[in-house]
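Structures for review follow.
You will see two complexes here that share subunit A, one where it goes with subunit B and one where it goes with subunit C.
== the complex of A and B ==
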């Protein structure tokens, strides 16, 4: 195995361990422990103590820490206090809505963001560039959930193309994924704007390089030069794409609330307000693991795509 | 230059309306009027009234006061937190540097909004808690920036000269290094303030930020969501205020950067 893969692998494991350790301590810093909440208002001190022993909170912190990582390795995230069933099952049930929404939003922002960014960068100062500047400025200044309101008012209330709220009782099916279009657009717009800004900057940078001047001077068609520029500029966008994709799993929280979609976002919000700590912890663990993993994969992809980065710094 | 001026003008407008909210407001933002619920747009109520008959324009103006204060306080906190620890890491180096750097790396490994949500879940909702949560979540960027800038400056020749003249580490950092990158931090700071405005609004919208009845742009919009179809203006108005404020910070940041670039 090449050396750079090994160091990258080690850094992935260390980051994940550090993040999961932070989550462990953060959840134990929450006000009122799980046993007090499970016991309810009229539980006696002895009953709470029995509960504490049953769910393992009476043990020493190192023992809890060991049990926490032991559980993680077996995909055991404990039981939801409110729903009284394994958190893993809750997550598996809610994941499809969030994944579909995140996937749609990601694809949309990718096409829109890269398209606008490259177009703007190839002709700086032109009409496409100015339109892109206007779009990115506005898109980054408006609050996401408020943009959702506007979409609901226009497309759901006035035009009636979409339902105002949520999914039908049948849940997420091929037909009802139509309902996810407005939320996906809401999510995609600000992300596309960020992507467009970076893509534009990367393209502008490449335009100034020597090989572009050579290609132009030997008479290559502008379209061909544009292709060269794009293929060299785009790997530089990978880290932002990873931040975006990895962040979408929890980035949907506000939008799920606006559109009433029962995904991971509503799950963690419900967990916070009901003080259902195992659920909050479970969603957090899943989200940070995916986030760290996607960012790490993007780093690796960049290393594969650009051998210059492999040299030890 | 033009963007900086637009930003400044917008900022003066938005901040001015927030500061003067008490005198500009046509009505008491907290006074209900049960005989005039969900009123539409009129001369009396330019943005209508909400579900308790409160004037939406007055609530937006008062909300701006709260939202702007929180965003600016959180920006100051996050810059101070990241900045001071970044200076410590660069100035002391060694184990202090390693421990601090790893800690902030771990914070950066969280998706930003999730981190803020977790801190709010631990501390409970509220204005002060929102400031603390955003202050913590935003700090890694400032830690990294300050540490990198300070390390570069400490290696420069003029700092070496100051050291040769007997300047202490604190003096080298504070008198010599910091003034050289304060401008770049300010550019980032204005951009962070724009983001924090939106984050505070999202938190308050979710009911985890500024608690009712104190109005903030976020919780005025939360109210508006529940009767969105009946009284759309109640949602559109405060949102425009919020977008204008966020835009003004973004423009100030861009304009400031242009100014600094020209100087270099």
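== the complex of A and C ==
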């Protein structure tokens, strides 16, 4: 176990460094910088240059790289060029929205996806299976931005159950997390569909196993057989769950835009268009960390769920 | 089945409990406005963004301000006097208090103007204050500004958002005005969640009298469809964007009011005058004649007035002698033939994203150019790329579409034009530069106007742009909202007299 943790830790640091380096140079390869954009149409070239010096963009790229990674070692993510405050503050302000949204969407897709998938797999060709097939086909085909908009029209404009615009001015509170339901549903539906398909396939596979045939021939109740099938089929779904959680992070970018939610998605979009390099890098660090953590968690869960993996190798 | 029933029951219960929290939470005296753009900072000295000044107008005051008719009127300066040589401005201050409780005095004005002139502030508007030799507090309430040469545009600069007066005590501390603005304005800053909202509270001690609403909430809503829906559900009291297609919906609804008034924009297709053929004024005139700008204004910009030179329609500085180019395909073709432009000549037409209207205008221009036998190839680039690669830097374009925002004084609009280094069209016209430079420092109004008129006529002839026109500024509000207005030319939001009726 300690060895496992160590290798995981090293691979996390290496992954983070590689991704961050890539992002560091990629954002700087984009034409234009924060000073040009802040200067707009009226600023002269000299004024833009002064601004560049003021916000630390006048240094060479290697110097910026050294300064940035040096800061990172001291847990300093730098200052946002546009907002002129520490990136850490920006992230702390934005992270809860995205985490809550992704968390809600994850739970929804888990319940809906696994539920439908298992139901469909247990009775292939039955009404539940056909309904699931229809659901997954439609859900995977609908673009998120369109579906989100449809939900807004129906539940916010026509029924008035939700405000049209994401969160109240006060931001995310216990009461306002209710507003995240529509975005969470938007985000969850296509992922639930993917999960449902995989769960169904795993259940079908399991149904053909010898032990199921034996159990059936011994006259076990269908519900009991179903429980056995589900508990053996589901661990195989875990790796996909981890992938899906990672995908949720990218999905939030679209959904936050549609619903106007002040989370990390809008932050990185705004950061890119303003060429706010430290902010883009900061969000990258968070995204990589979450991704690695989630994969690690899935590994752990699989160990718990599948005793065979626990055997010494 | 039992667990399901429990879950369902609970879900319903939760639903019922949570419902009251979602609707009707806003106070009746809170005015909510949806805004498409977003400030980058609320420090008025370090930004050039219209969106920043639109919001900061409510937090700060300026010495002089613009009234509803577009005139410069006294604000924090109860009165001002200009010496006959145009070199000394004396301002007498009103009694006012900053949101932090300190009283306004001459030292605040001195510190404010010193900061924007300082190189380390890196203000994009610094150049407008560079003619200032000194700012001195003659007494507690009197400020004297001395110039090196006459600068009639100074009052306009002081009346613009970047002329906002900041408290000297906070300036000395190096206070973060960008995130925690403190001014004397009608509203004090409460909070700002980026991409979400800025909340402002009425300042009961405002020197012109307390505002009528208790709170102003500005929501950032990029999508005009969402703005419209929020307007329809009553979530927003004022929205700053109404898509052309949605305007009939708003007009047909008696509880909503569509406001249409002239803006200060000049919309153009800039022509790169350093490119082959485009360096020939005849070709540029042909482009102006061959594009029906009335159609461009109507279709892409939803109406407005055409212009024939680089000045907004309706401006007192717009010369009566200059007419917009009238669509004339035959003359345009003849001019192109005369200039020897080959049939099927290709042009690089660069359009900035995410400005849908400019992109649409560019597509219309492309069609008209085809009629002229020119093959314009559209290239859509993101705004940051456009700024660094098209407008600035290597200036990679033949034709590009953009809007130039309103300026209180013509010097702001015209300075730089005619100098190939400072203007993206690359027009090289020293005589024009001289005219504008002289006009900029001519204190006598009539003489100044004559010089600008000559310059604007010259710009019409040289045609470094396809002149489109000045669009209408269209926004919508709930009919029961009264007293809200937007500053002419600057487009700042004014909530001082806003109220519900």
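The definition used in the following text is that the second predicted complex is superposed on the first by the 227 of 313 C-alpha atoms of A that agree within 3 Å, B and C clash if a C-alpha of one lies under 4 Å from a C-alpha of the other, contacts with A are read in each partner's own complex, and residues count from 1 in each chain.
Simple rule for what comes next: contacts are C-beta pairs under 8 Å (C-beta built on N, C-alpha and C of every residue); 3 or more make two chains touch, one makes a residue touch a chain.
Since this is a predicted model, take the numbers as computed values, not measurements.
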item	value
Subunit B versus subunit C as contact partner of A:253, first or second or both or neither	first
Which superposed partner A:78 touches (first subunit B, second subunit C, both, neither)	neither
Partner chain in contact with A:18 - subunit B first, subunit C second, else both or neither	first
First (subunit B), second (subunit C), both or neither touched by A:152	both
Which of subunit B and subunit C A:167 touches, first, second, both or neither	second
Subunit B versus subunit C as contact partner of A:226, first or second or both or neither	neither
Partner chain in contact with A:143 - subunit B first, subunit C second, else both or neither	first
Touching partner for A:278 - first (subunit B), second (subunit C), both, neither	neither
Subunit B versus subunit C as contact partner of A:183, first or second or both or neither	neither
Subunit A residues touched - subunit C or subunit B, whichever exceeds	C
Common ground on subunit A, meaning residues reached by subunit C in one complex and by subunit B in the other	30-31, 149, 152-153, 157, 164, 257-258, 273
Residues of subunit A touching subunit C in the complex	30-33, 36-45, 47-48, 50-51, 53-54, 82-85, 90, 93, 149, 152-153, 156-157, 160-171, 175-176, 178-179, 257-258, 260-262, 266-267, 270, 273-275
Residue ranges of subunit C in contact with subunit A within the complex	18-19, 21-23, 25, 34, 38, 40-41, 43, 46-49, 119-120, 122-127, 176, 178-179, 191, 193-197, 199, 217, 219-223, 225-226, 229-230, 232-233, 235, 382-385, 387-389, 391-393, 402, 404-405, 412, 416, 422
Contact set on subunit A toward subunit B in their complex	15, 18-19, 22, 26, 29-31, 137-138, 140-146, 149-150, 152-153, 157, 164, 246-247, 249-251, 253-254, 257-258, 268-269, 272-273, 280, 284, 287-288, 291-292, 295
Touch list for subunit B against partner subunit A, complex	102, 105-107, 109-114, 117-118, 120-122, 124, 194, 198, 201-202, 205-208, 221, 224-225, 228-229, 232, 235-236, 239, 242-244, 246-247, 250
